[in-house]
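Presented sequentially are two complexes of chain A, the first with chain B as partner and the second with chain C.
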Partner chain A sequence: MAKMKFLCDSKRCIECNGCVTACKNENNVEWGIQRRRVVTINDGEPGETSISVACMHCTDAPCMAVCPTDVFYQTEDGIVLHNKDGCIGCGYCLFACPFGAPQFPSDAAFGERGKMDKCTFCAGGPEEDNSPEEKAKYGANRIAEGKLPMCAEMCSTKALLAGDAAEVSDIFRERVIYRGHNDGAWAQTTLQNETDLAYDATQPKA
Partner chain B sequence: MIPHKWPSVTLPFHTLLLPLLALTLAFTLLFSGLTQASNSSEARPAERKVASFAGPEYWRAIQQGEAGQTQSQTREANQLINVQGEEWRQWRNQWVTPAGAYAMGGTLAVLLLFYILVGQNKLDSPRTGSTVERWKRFDRAMHWTVATLFIILAISGLTLLYGKFFLRAALGDSLWGNYATACKLAHNYLGPIFVVALLVMIIKWMKHNFFNSTDIKWFMQGGGMVGKTHPSAGYMNGGEKAWFWVLTIAGLVVCISGLVMDFPNFDQSRETMQLANLIHGSVSLLLIAASFGHIYIGTAGTEGALEGMKSGHVDETWAKQHHDLWYHEVKNEGSDKQ
Partner chain C sequence: MRLTKKSDQPSATSNTSGLGLSRRRFLQNSGIAAGGVATAGMMAPGMMQQAQAAIVPTGAPTEVKRTICTHCSVGCGVYAEVQNGIWTGQEPAFDHPFNLGAHCAKGAAVREHGHGDRRLKYPMKLVDGQWKKLSWEQAIDEVGDKMLQVRQESGPDSVYWLGSAKFSNEQAYLFRKYAALWGTNNVDHQARICHSTTVAGVANTWGYGAMTNSFNDIHFSKSIILIGSNPAEAHPVAMQHILRAKERNKAHIICVDPRFTRTAAHANEYIRIRPGSDVAFVWGLLWHIFENGWEDDQFIQQRVYGMEEVREEVSKWTPEEVENVSGVKGDQMRRAAKELAENRPGTIIWCMGGTQHTTGNNNTRAYCILMLALGNMGKSGGGTNIFRGHDNVQGATDLGILSHTLPGYYGLSDGAWKHWSKVWDVDLEWLQNRFDQKVYRKLKPINNKGIPVSRWIDGVLEDKAQIDQKDNLRVMVCWGHAVNSQTRGVEMKKAIEKLDTLVIVDPYPTHAAVMSDRKDGVYLLPACTQFETSGSVTASNRSIQWRDQVIEPLFESKPDHEIMNLFANKLGFGEELFKNIEIKNGQPVIEDITREINKGMWTIGYTGQSPERLKLHQKNWHTFNYDTLKGEGGPISGEYYGMPWPCWGTAEQGHPGTPILYDTSKPVAEGGLTFRARFGVEREGQNLLAENSFSKDSDIRDGYPEFSDKLLKKLGWWNDLTAEEKAQAEGKNWKTDLSGGIQRVAIKHGCSPFGNAKARAVVWTFPDKVPLHREPLYTPRRDLVSKYPTWDDSESMYRLPTLYKSIQDKDLSKEYPIILTSGRLVEYEGGGEETRSNPWLAELQQEMFVEVNPVDANNMGFRDGDDVWVEGAEGGKVRVKALVTRRVDEGVVFMPFHFGGHFQGKDLTDKYPKGAAPYVTGEAANTATTYGYDPVTQMQETKVTLCRINKATA
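Right, the complex of A and B next:
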């Protein structure tokens, strides 16, 4: 069985926010909620780096562990989904999540948060696949159609990868090899005369 | 930082592209210049530069909650990772949840054992049939308002903490979902009413509840819970006073921490609400455990105690046995008036 994961290649993300828009459009995400966001560290400074982040579909998901009504469930593919019918809007999943993935349409007095919304890996919810009910509550169910999440599919630089963990890491590993890099995955250290080897042009590919 | 390698690239594709690139660059610079000019009046916040471009330090900084820029308007969206939640999860799931269950179960077990071994604190002599007024209508209304709200809040709160372990399976998804929603709504809307009711009760009854030397003697004799002795007590005995202060202090802590979570519209951070949740959970669980003791003593534990809060009047025998100083006070007042 596949183990679905997202991976954002910080060397490729150009902060275009295309993933955010793709997600909002594909899933008809409620006003005020952004299931995915791009965060730029060192914005406008040397070493500016952007990462696109959404629900990471944790194996040991904190949201699942703290939910008082137990509405979360994990699909066979390791995708963390939730049943909005049982959600009481307590906000505990938001407290627990390290990535700020669960969001609520409101934060009014008396804890009136509404029902939690988060990235579904484009896998919908507990309703029948691609039914109008599922579409209205959770958005698209691309997984049921054999497609990957829209954010990753639309990523212009292919920074955002989604899919089976093994395949995602194979792609990334290949990139790292072609980058010809001491430090491998993410970047050089300060020891290498401050040269950025992310895009080693002497290499033929990637 | 422009990569150093760029100028040395001499592929034909790039040479073709170079004029185009230059043109684009010129445009970009032009527009960025314009936007820069329009923004120059704003003071740019001093940003701490994260060392190394996406290197180990970068990831360490992100893991420690380094914030950046984002287009998302959600609160705290500029942080990629906030590990505080994991700490909260551990505290809540590994400590507060089991400890609360032990505290409540332990208290119930002790009370049951006490009831079996010692039994009810009976009246020593038969009832006289004449009564004295102990609680006025307003006092009783206040007590039962607070008590009813306390019980509803306790049940709804306990449901939200422990319900998922057995109630979901027992009720089925649909019923469980509706019941949990009702619990959350009850908790969030009745909570603030409880705060007001509790405050009124604290203010109204505080004057009776300051400790004095009689209470020390009362505690030294264990409050007469075991055996035949009945230590002297005024209108309130040492135990009642202790419960009053437990309820006052713990109750206020629970109220304040509850309000922090009940009104997320004041922009408090997740960390504040996590802390409030832990305080609220642990203190209210202790308070619920303590309330079992209060409920036991007020009902099954003491003969004739519940009458006082039901009708407002207690039998003279009961008054003499449990609150002798107060009884004599009332009698003297009565005789003075006559």
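Right, the complex of A and C next:
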């Protein structure tokens, strides 16, 4: 079974926000909610690096663990989805999520927040695939049509990759080999005298 | 950065702290103003969706249309899914050779054009300060009567026809013809303030003023130097190709810019220069190249004229002087020069950062000379890859919506009028009589360059005795133009108020509709977008692409060519305008216009791309190679995608298009080319033709002049023409022979129809033969003014007095100590009216801002997120948010130019017609910009002026 994942190649991401508007376009996401955002560090300075972030469809998703009404479920492909009908807008999932993926249409407290909304990996929700109900509540279901999420499909520089984890890592691995230097993978530029920001669990943080 | 959504409710308190991390932090902190917009914004798309749901039943059959993104000139393919006439889906065109399905924020949001809820919905006019709805008939009648009255009183030159790079090729061509038949050269479009200095500088160097290679060809580059270009924001999909070269070809990327741009973040080397020091910088590179013998001697000897004179100028630009003028240190200059020399072929990419200067024509020629010295021209992986701006600014330029030429760069000479009147099948004498017959400065208006778009405000405000035409401009037609993309906003307001009538033809009301205090005399006519009609569009790489019509025109809007038909009939020249163009249901038939273009555009080879061929290319995107753009198998094997011009001869001759200009490694018949013989055959006893250099399989094994009937006879090739061709070719040359025979025979013998010459490093017809560094009109470096002064004032350029020295002589650097420069954001385009009306984009950039270095902010006493007044050196000022960032250097500030709808601190959002205000409004940067025009093209100066900044109180 496929294990669906996103990966954003920070060497390619130019913060053009194509992924953000592709998502808006495909899922008719309302003003104020952004299922996908581009995050930039060192903005305007050497080492400026961007990645596109949305729900990461965690294998062991904290949102699922904390939801008091248990609306989350994981598809066979590893996509984390939720049932809006059961959502009470408590916001626990937002606090649990390390990526800030769950969002609410209103800022008010608890139930007044409205139904939680987040990236569905363009896989809709519990309703019948591509039914008007599913479309209205969750947006597109591209997975049911054999397509991948629109954000990744439309990425201007092919920085954002989506699909089966094995395939995604193959593509990324090939790129790293082409780049051929030790900082060819994650983060940081090749400017002189800059250390690589790449996350390496075996090393103490600089 | 927090990933929480921004507030969608108007909040009572405005949080202004800590905006410094990123400009997108504005999203979260955009208190009162943006919150209000947000609430309004939530309504419209939702409502629109409901409307659609009602119309489109589930499972309605889906039609897929092929179109091209209407934002920038990369020309990305789009699959538009249409159900019951509603644009319901947008799919990535993975098989399109330019973008492989990819889009930036704008391209990924084009389906919103199918909603268009903030569009101008019907014709309107301003009556006592209120917008009143009109019928189309009434609007055309009233505007037309006014025009005819002004024509009677002040002559045809008092109506200004400002066209658009948003037209299709067919509409662009029709618009230029339309202005000619009205009887004026006061017609222009955005190319004037975009790449006019490129077109002039580059065409005068080697023949054609366009991007020489293609985005895809950058895959083969070993080095890439970007100067005044920020594709990560302005042409994001171009970065797909640039990063591919970096990763797969190990291309070394050098980014030269006053700002550390998003592109710089992906470069191998970033070089910060002082705004306006491009020539000094390029000569600094060449100093090292010549010093170390890194130039390509053989290439220069065979294909370049005048490099010795350049050498002389370059010798003055020692590393010390370069550092003094541009601020770049010698070791960095040497390193950059060495990388370019060691990594060939290399390409240079430039955009507005190089062109929009008083010295723009010098900058563009200096860039060309750098590539000539390195021998990078006419090679795959090399070339001057000049990225054009709007989606069809290349096509609109080629088709001549310009005050100084007819379509195809034929100019305005009697010969040019003769050629086109023949193509148009109109009587030349009748045409000449449509113009004002008086003579001004020895020139008749028909042969004199019209007022350029950059100067239309002077055409209104200048003393009429000083203008080379009968009267001031009295009626201004902005047909697809954002006036906030033009400098001197304060004077523009005065000009708009002085006009008799302002006519805006556009899908949106635009900043022009609201910026003045007019209470009447403004008409708004709703044009539709290119998604609501069909036609061809020329991408930056000269490929011509066909667009399907996606949806019917929304509301009461009409396609531009239909509006031209209405006006032409009202104004009395409809019959002549459409003599060989059929009108079907009130609309001129697009394909008929394409064929007329094919009939006349011999100079640049727009003759081979018939509508049938263009449509066949459009249906076979998948058959073209991603690197070379060559068709591989299938119905159009061997042709290049979109038949990049020149596509010589007639369509029947089947030329494949020219993917790389001046590439001698291929035969001309297969897309090869030489440098054009445009400047004569010799000068001061020196040969201007190529020496021992010629395109593959050429029968002439040396340089040769351009082809004419005489040359064919001299070569003994005359009898290669058919009898029919002979009849038409007699007395003609490759540009004027409507049979295409001369071109056919030249190519048959392996020759370029336009000759085979050297490129010229010295342009003896320009103000500076060899490009010189000249200080900007408003410069903080007063110590450099005497050594590098600007030009003297001129009594007349493009009909108007033009100032240089008298402005530079006034020292304003004490009162206005900071350099102000401007540029783009990825979410918006041009004046931004269309993109700020698209909620998916508008949500991402809600505040107009100014980027200021922390040192300057601290010295001037404000913090990140404060409201500040930026006041330009001529007194125009804007109230904007401060974004404190090291992206800009000390002493330099930057503003994006896409905002509009505010004027000098006043919010004018309420002045838009109801329901047609953009989601986001803000101060127009150009309210604060100043005077300054290139002497060759009248390009405006937007990249260097002076300003001061104060914290706004209350």
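Operating definition for what follows: the second predicted complex is superposed on the first by the 181 of 206 C-alpha atoms of A that agree within 3 Å, B and C clash if a C-alpha of one lies under 4 Å from a C-alpha of the other, contacts with A are read in each partner's own complex, and residues count from 1 in each chain.
In this text, a residue touches a chain if its C-beta (ideal position, glycine included) is under 8 Å from a C-beta of that chain, and two chains touch if they have at least 3 such contacts.
From a predicted model like this one, the values you see are computed outputs, not experimental measurements.
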Which partner chains sit in contact with A:Lys137 here, chain B, chain C, both or neither? Use first/second/both/neither.
neither
Looking at the overlay, does A:Trp31 come into contact with chain B only (first), chain C only (second), both, or neither?
second
Mind working out whether A:Lys115 is in touch with chain B, chain C, both or neither, as first, second, both or neither?
neither
Touched partner set for A:Val53, first chain B, second chain C, both or neither
both
Applying the document's definition of touch, where does A:Pro62 land relative to chain B and chain C: first, second, both, or neither?
first
Touch test for A:Asp43: chain B only (first), chain C only (second), both, or neither?
both
Determine, under the contact definition given at the top, whether A:Thr157 touches first (chain B), second (chain C), both, or neither.
second
First (chain B), second (chain C), both or neither touched by A:Cys16
second
Chain B versus chain C as contact partner of A:Gly100, first or second or both or neither
both
The intersection of the chain A residues contacting chain B with those contacting chain C is 11, 17, 20, 32-34, 37-40, 43, 45-47, 49, 53, 94, 99-100, 103, 107, 189-190
Interface residues, chain A side, partner chain B - complex:
10-11, 17, 20, 32-34, 37-43, 45-47, 49, 51, 53, 62, 65-71, 83, 85-86, 88-92, 94-100, 103, 107-113, 183, 186-190, 195-196, 198-202
Can you name the residues of chain B that touch chain A in the complex?
1, 3-6, 8-9, 47, 49-56, 58-59, 61-62, 66, 68-83, 85-86, 88-89, 92-93, 159-161, 163-164, 168, 173-174, 176-177, 180-181, 183-184, 188-189, 192, 261-265, 270, 273-274, 277
Any idea which chain C residues touch chain A in the complex?
1-9, 21-24, 38, 41-42, 45-46, 49, 53, 58, 89-90, 92, 94, 99-109, 111-112, 232-233, 236-237, 239-240, 243, 247-248, 250, 260, 262-263, 265-266, 268-270, 826-827, 839-841, 843-844, 851, 885-888
Give the list of chain A residues in touch with chain C in this complex.
11-12, 14-22, 24-26, 28, 30-34, 37-40, 43-50, 53, 94, 99-101, 103-107, 131-132, 136, 150, 153-158, 175, 178-180, 189-191
